[in-house]
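Next come the structures, one after another.
Okay, so chain A shows up in both of these, paired with chain B first and chain C after.
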Partner chain A sequence: MHESVSFFGLVGRVSKTLLLLVYALFALFPLLWMVIMSLKPDSQMFTTTFLFSPTVENYSAVFLRSDYSHFFFNNLTVSISAVLLSLIVGVPAAYALARFQFKLKEDIAFTILSFRFAPEILVILPLFLIYQKTGLYDTYFGLIWVYQLITLPLLIWILRGYFEDISPDIEAAAQLDGYSWWQVFLKVLLPLVKPGLVAAGLLCFIFAWNAFTFPLLLSDARAQTSTVVALRFLASDTVHYGQVAAAATISALPEVILALLIQKHLVRGLSFGAVKG
Partner chain B sequence: MSTTGVLPPDRPSIEPARLELSKSAAKYARRKALRPYLILTPTLLLTLGILIPFFAAIYLSFTDYTLRSSDYSFIGFDNYLSMLQNPDFWHSLVITLEYAVLCTMVEMLLGIGVALLLNEENPVSKFLRIVLIFPLMIAPVIGTLIWKLMTNPSVGILRTPMSWIGLGDFKWGASPDTAMFSLVLIDAWVYTPFVIILVLAGLRSLPRSPYEAAMIDGGSAWFIFRNLTLPMLAPVLLITLVFRLMLSLQEFSIIFALTEGGPGDTTMSLSLLAYNRGFPFYGVAEAIPIMLFLWAVVYLVSFILIGFWRKAQRRASGVA
Partner chain C sequence: MASVHLHELTKWYGKRRGIEDVTLDIADQEFMTIFGPAGAGKTTTLNLIAGIVAPNRGGIRIGGRDVDGLEPADRNVAMVFESYALYPQMTVFQNMAFPLRSPKHRTSARELEERVRRYAKMMKIDHLLQRPIQALSNGQRQRTALGRALVRQPDVFLMDEPLSHLDAKLRHSMRAELKEMRSQLGTTTVYVTHDYLEAMSLGDRIAVINLGRLQQVGTPKEIYFTPASVEVARLFGDPEINVIGARLRSKPDGLAGLQILGENIPIGVPSDVVSLLNGAETVKLGVRPSDIEIAENNGAGNFHGLVYSFEPLGTKSVLTIDASDGSRIRALIDGHRTFEVDRRIQFRIDPRSLVFFETEKEGFLAKSRLNRQEAGDG
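Presenting the complex of A and B:
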């Protein structure tokens, strides 16, 4: 009896692992293949699958001999600036929503969240007209501002949860020690939420970096970002598939690294604090 | 911002501070009541500021404004009425709902399945928990780009395995019969990890004691899943469903990158339709009603589901 149970247990465990590996193949093979392709020389693109003589030619072609680096640094500039602006404005806002009781609190919180879920095209249609008229079209500032609709709700909702986790007693104690509210915020609370703050900031960066519709329609040759431009590598007349893959890898790599850094906070971040992982 | 505390740090003893408190208590209370609003003002300015044009847009949707000419006139609900009379709109609505329901269903089922498999303490699960989120972290457009390369007829790696199962000339995004399938496949590739990690977090936070009791009573695995895991997991499942439905109803970038709404109009969702009306043809006044309609659908769906979520949360805390 005992024997047969463990036999079925073993079969169960093996089939579970097999099913997992099938899904893992589906999820990870495309990324692996992207990297493989980016290392293939043009001459072996059509004739080889996994065995080829690797080269960094595609990377140097994309990054040094095309204007991709310009758009890459655009993305870096716009994304980092958008996150910094969100941090300056959003961190105190998250604290206020976590700690103070006031009229319209939940309404304001949900209004902020709803910006993240308004159809992007709906926001862009009128903004396109205004940006054209005011000269904000195709500028860093124009993009940084509209990116707030992505980064600010995310940051505020994640951080609100982290602030709520801190006992109000800690603040009260600090205030009794003679700190003003502002000092309590800077010297006591910020260090306590620092891990959450870093994670939320990095997640905001990832989402800003990934933004596609806003830069596609609100910017052009000057301020456009690498996420938009990467798509164009495939559309050109003489396609160098290896360069397409290299452009995609360059755009994807920073995020995979950042994702590893914020592993522990991802659940909270992705669910806007609704699920505490 | 100036210091608003009642107890400045330089004050040596607590007594004088108390005196000052009673003197300025009323003023202090007023300032304190205003403080959260002051703190939130920059946030609201930044976000609402960007939405001021939005109200201009609602106004424009009642006119015959186009980017081509500078003068326009007020035409009432004409844009809305012509939208409702246009078969393209209803076609796109069906496509939008089809896309959202298919993607959400596939991702929820697959995600819950993988999360259940991953909810174990062994090296394989531990490793996969970390690396399986990669597709979610890269831009959906870049993900679509990779799939375009993989399904490319000349360099795509999927051609050989597809020919093994007799589908050597599978057209992916290029054929009306397979375009929707290809989109759902890519959407599932990008967003299933989202379901996985939220459900996994929910599973790992479940209390142990109900399971121990059920084991003693000798409940079957299915019985335990149906009567314990599902009700306790319901809040997490519902909030995951809300997020997936809201975003897949408005998905733009994956469809834009793979098919641009084509071939023909087989994958022309409302977002793509509004984009096509609004940008290449500069018919902003025509495109706005379409997007307002989509917004209303998104809100209605999420409003209903969030109601269920709150109920499930209450019930789940009762079970635990």
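Presenting the complex of A and C:
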């Protein structure tokens, strides 16, 4: 009896590993394919699979012979600013929703969450008209503003849980220890919610960076982001798959680098309840 | 070092009463325990003194200084929380050093180090200073929390059930240590507890609070021997005090007597006690379980009953007796004797240590034997 259990346990472990492996391949293969495509010359695009003569021609075409870099930095500027704005607004908001009792508290929290309910395409038309009228169209600020619909709810709802996990006693203790409320917030609370802050910040950045509908319709030559511009390489006459792939690969880099840098916090941050006294 | 004065302190949480009209004077260097059952308003009182919550009405003075409206940081009080409220991201050393690094109490690095080590040694956690809080046992966390409060050398210590999460053995040894500690430090302390043993063993005086109102303030002896009401009497002592309805009547010898437990055994009442009873015809009698004695032989003054339950506790045993009129009496008896359930027994009540309460309002009326000395100086 005992051996049969361990036999099934072994089978379970092996099949679990196999399934995870299959999933990992499934998830990662498109990325691998993207990198491979970006290194292929146009002539070998459809004639080779894994064996080809690699070239950086696509990268130089994208970066040196087009204005892609401009839009790449547009995306960086807009996304980072959007996340920073969300942090400045969202951290106090999450704290207030976690700590204080006030009228309509749950309604406000739910309204913030509901920003994410509607698909972007549903609200884009009125937004487009408003942006045209108010002069926000094709400005950095306009994009940063509209990105709050994406980033703010996420940040507030993740951080609210973190603040709720911190006992109010800890705040009171720090105040009694001789700190003002602001110092308590900076020295005690922020370090405690840091894992959540990092995880939520990164998720926000990814969503902002990948945003497509908003920059597609609310910006033009000046403020447009790389996600939209990458499509330009699908011209009407020729389709430069290699260049699209090169643009996409470069586009993915900031996310990958960021995720690797804060990997340690990310795992802790997404497994909730990291704050234990 | 400072005295603490609470004046008609009142705090409502919406429609729920936290405390109401609590007026309390705590002398410099006094150890005051605030005792009461759960939800009585003990922690509210402490939070009000600390400035964590603001009162609706009333005022607080610490060391003669009005602290109403002052931030917690400006009151120079230190608090030990029931939940310990240690900073989980810091080590023991960092936790203890945290108050000394604050703008209010900034201390030079050398003195900080010296003070943290001194108090860590006192709390016997000097070998744990580099440990993160997560790696500590409850008892060690408790010591760290106490240490963090001590390093500051505050005017007043506030302690909110600091021992309640420890296991029974550790609680008793920590209680002894706290007692030792307070004699070394001599700082004014307000100590909240729901454990009457803690309240009695630690406190110079006890403030009994229930349902948000102050019930009685007094030394442990005053509260135990002359409780202000049946309620207070019930809160102190385990097993609980017996409260027996009694009828006053004249004995054949002309003196006042009590008839209790449905038996015709008048208990004599001294005349000076009678004068304190305000002519009441019925009273409630408080009888401590330790004042009930099991009679060996038949006797004129014996009450009769059946053993309802018998709990041996080592040196003492708790005997619950069904008396003739059906009321249940708890007796604390010598641990060497054994009683079977349903056995018929006879018992005597020591007439010299009865507490008399009003029948309706259940307030204190008199105490036989001790009332002249004990109640007099209270």
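Keep this in mind: the second predicted complex is superposed on the first by the 227 of 277 C-alpha atoms of A that agree within 3 Å, B and C clash if a C-alpha of one lies under 4 Å from a C-alpha of the other, contacts with A are read in each partner's own complex, and residues count from 1 in each chain.
Simple rule for what comes next: a contact is a pair of C-beta atoms (placed from the backbone, for glycine too) under 8 Å apart; a residue touches a chain by one contact, two chains touch by 3 or more.
All figures in this text were calculated on a predicted structure; none of them were measured in a lab.
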Touching partner for A:28 - first (chain B), second (chain C), both, neither: first
Touching partner for A:180 - first (chain B), second (chain C), both, neither: both
First (chain B), second (chain C), both or neither touched by A:188: second
Partner chain in contact with A:261 - chain B first, chain C second, else both or neither: neither
Which superposed partner A:115 touches (first chain B, second chain C, both, neither): first
Chain B versus chain C as contact partner of A:10, first or second or both or neither: neither
Touching partner for A:198 - first (chain B), second (chain C), both, neither: neither
Chain A: partner with more touched residues, chain B or chain C: B
Chain B and chain C footprints on chain A, overlapping residues: 175-180, 183, 275-277
Complex contact set, residues of chain B against chain A: 1, 3-5, 7-11, 33, 35-37, 39-40, 42-44, 46-47, 49-51, 53-54, 56-57, 60, 67, 110, 113-114, 117-118, 120, 124-125, 128, 130-143, 145-150, 152, 154-155, 157, 189, 192-194, 197-198, 200-202, 204-205, 236, 239-240, 243, 246-247, 250, 252-253, 256-257, 271, 274-275, 278-279, 284, 287-288, 291-292, 294-295, 298, 302
Chain C-touching residues of chain A, taken from the complex the two chains share: 167, 169-170, 172-180, 183, 188, 191-192, 275-277
Parts of chain A lying in touch with chain B, wherever the complex brings them together: 16-17, 19-20, 23-24, 26-28, 30-31, 33-34, 37, 45-46, 49, 85, 89-90, 92-93, 95-97, 100, 102, 105, 108, 111-112, 115, 117-123, 125-130, 145-146, 148-149, 152-153, 156, 175-184, 206, 209-213, 216-217, 227-228, 230-231, 234, 241, 244-245, 248, 251-252, 255-256, 258-260, 263, 266-267, 270-271, 274-277
Contacting residues of chain C [partner chain A, same complex]: 47, 50-52, 71-73, 75, 77-79, 81-89, 98-99, 102-105, 133-134, 148, 152
